[in-house]
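Chain naming follows the written order as A, B and C, and within any one chain the residues start at number 1.
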Amino acid sequence: MSAIATPVAGERLLGRTMRGARSWLPAVGVLLLGLGLWEGLVAALNVQRFLLPPPSDIARTFWDERDALWSAGWYTFKEALGGFVIGCSAGIAVALVLARWRGLSSAIMPYAIAANAVPIIAFAPITNQWFGVLNPLSKMMIAAVLCFFPVLVNALRGLTSVHPSSIELMRSYAAGEVEIFRRVRIPNSLPFLFSALKVASVLAMIGAVVGEYFGGTQEALGVQIRNSAALFAFETAWAAILVASILGISFYLAIALLERLTMGWHPSARAAE
Amino acid sequence: MLLAVLAVLWGLWEGFKWLGEETALRIGTFTVTDLTMPHLHEIVGQLFEPSRTNGPLLIEVLWDSALFTAKEAAVGFVLGATIGFAIGVVLHHSRLLQRGLLPYIVASQTIPILAIAPMVVVWTGSRGTPAWFSVAIIAAYLTFFPVTINTLRGLDSADPRALELMRSYAASKWAVLWKLKVPASLPYLFAAFKISATASVVGAIVGELPSSIQDGLGGAILNFNQYYLSSPPSLWATNLVAATLGISFFAIVAIAERFVVRRAPEHVA
Amino acid sequence: MSAAVSLRKVGKTFARGEVTALQEIDLDVQPGEFISLIGPSGCGKSTLLRIVGDLIQPSSGEVVVNGKSADQARRDGDYGIVFQEAVLYDWRTVARNIALPLEMAGWDRPKRDARVKEMVELVELTGFEKRHPWELSGGMQQRVAIARALSFSPALLLMDEPFGALDEMTRERLNGELLRIWADTGCTVLFVTHSIAEAVFLSTRVVVMSPRPGRITEIIPIDLPQPRTYETREEARFFELVTQLREALHGGSEREPSLRAARAK
């Protein structure tokens, strides 16, 4: 009996992998195609190396200078993480307050939405003046402000867009406001919150890098990018950009993983992508 | 209502400043002085001072800069929104392309545009296009992504029964797209446009920085940053103008949404 | 204009043959008839309706609608369909919703406007042309859906429990209006319902279906005179037919204990 069972199990696993492959194979294909095209076009069109280096050069520089690049990347990532924590916590805290005292929220929400439209990046020089150009806190504050508004707007929407019947049901159980928050509003807001956290993770990284552009320590990634670009060492610049990108994507994926773990039950967790 | 909020904000600012000075508040290296937190009336007043000796008033200079940046942002917005929508429609119709391209489209947004901006400027500049257009391209780069994502979501949001109905009319894919899917996606599109409006202004300002363009708000920010110690309110005033620009773009889209998107009112508990 | 529908040994299976939704369906519908399909959940009546409309492909058998294949009939616009949800477009006014199929068929503006006006009068919604769907009650939305389905004067009208979401009183009133519209247009109607009274009131014949597998168990001719009104619902013959239909649905009174008890008395 078992001799027949194992091949069937093996077939099933193969089948599932094949079906799963259909979903990521095209992306891999595009990557290989894209890299190949890039390499080829740079050589064929004789694009000046200093403008757009071929992937092979970038890869080489990436490997050669990996220590410096990764330590710079890590430094910047810590700024992004710090800003992310500050901004998201503040956003969640304010959202909880506004959801509890609804009168405040209808007064403030339009202004929070408008404030979201302010180019925060313009305030980078000011945070540098405030906290010191070399102090990572100045970049953290930029990242924090970038994270704050999307998290606030989405968390608030999640806490308040509850079906009226759910609230009525809780009241019929003589539940107080805190109970209602705990059992209904907060679970309801999780999908919205995670969606905002994913956006914030990318924004935090970008905020940190762009903030550094206005000035920062040599160990910072943004400063490195700017300096190498100014020296026309574009391979290094691109390699540094690659590091920033990888860190940004990893941060995003980490949040997505956290979402999958805490909210695997929710249909939108799959549909949201 | 607006006046009340402004009054409250003014009160908070001045109150914080007074408190900070009285208590010698410190956060890191941040202390509250006239340097770090100029009085609000000084900031507003600075607008009506000449920007440099015997020069035009600051507010005139900033107005011109704002218009310059606005032009870049507007062109970038239109470009980015159109391209974003087109990409969204194409990806909607082809699962294969979606699976192949979407990860890179998402990943593209993790690349700090600031870093690529100089290269974009050099490329387009070598072809003879004016510098502001390169900045518009950078603005478009930040604009297209939310539009693509929301176009995809919006086009998928059509009621399955409505799709059955279209099949009963033997409707072509084109007719289904334009008569059903696109109108159904308008709420999602406008949500994206609101984000993109802001993003296009950010892109324009940030794009100007490494391109050494003096005429826009980005240049003004760098300029007044350099001279912060001699005139702190100027930088703040510039930021005020930048903020107003961002909010105006957002407001224009929000107003357009009022007119274009007619839907049943939402119910919120 | 009215169409004949003919089904020969139509079958439908789902999930790679595991679920038999329909088995060996044979049905002949004459032009101008009003046929109700009634049966418990899972008997395949909605599936059958969709097969006639070429919205689902049958697994076996032949479907002839208006002398053509179901696919051709769909392409030629030979039928209009009404679902349980009105499925109106929120972004269009009532008038533009009714005009939708006409736009798709390429009618020009003046023709469209004239026909929409006719339809609005037919379903008695004059004055509401510029309203949006969310401003109308459920019954009014369904009337718009019916107007839209009839706007291009199809020979066949397919209806899938169109009044199922409405309250009893609105339902009875719309039943009467539907009969009036049917008499005016002379089209053939294929009507899916859960309601015994509705089936008897509306139809010329009632097709009784049963599940697992979905098949036709009985066809009951309704000989109530036309035009049918509120009074018709109170006639003795109406109640007899309702009872006959109920018993057919329960597969004979032997199965239902309460019916058996009533019989015994």
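As a working rule, contacts are C-beta pairs under 8 Å (C-beta built on N, C-alpha and C of every residue); 3 or more make two chains touch, one makes a residue touch a chain.
Since the model is a prediction, treat every value here as computed from it, not as a measurement.
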Chain-contact steps, minimal, separating chain C from chain A: 2
Most widely separated chain from chain A, with each centre as the mean of CA atoms: C
Mean-CA-position distance for chain C and chain B (Å): 52
Inter-chain centre distance, chain A versus chain B - centres from mean C-alpha coordinates, in Å: 18
Multi-partner residues of chain B (at least 2 other chains): none
Contacts with two or more other chains, residues of chain A listed in rising order: none
Partner chain B, residues of chain A touching it in the complex: 22-27, 29-31, 34, 51-52, 107, 111, 113-114, 116-123, 125-126, 128-132, 135, 137, 160-164, 166-167, 202, 205-206, 209-210, 213-214, 222, 225-226, 229, 234, 237, 240-241, 244-245, 248-249, 252
Contacting residues of chain B [partner chain C, same complex]: 159, 161-162, 164-165, 167-171, 175, 179-180, 183-184, 186, 261-265
Residues of chain C that touch chain B when the two form their complex: 53, 55, 74-75, 77, 79-81, 83, 85, 87, 89-92, 100-101, 103-105, 132-134
Chain B - residues contacting chain A, complex: 1, 5, 27-30, 35-36, 96-97, 99-104, 107, 109-112, 114-116, 118-119, 122-123, 194, 197-198, 201-202, 205-206, 209-210, 217, 221-222, 224-225, 228, 232, 235-236, 238-239, 242-243, 245-247, 249-251, 267-269
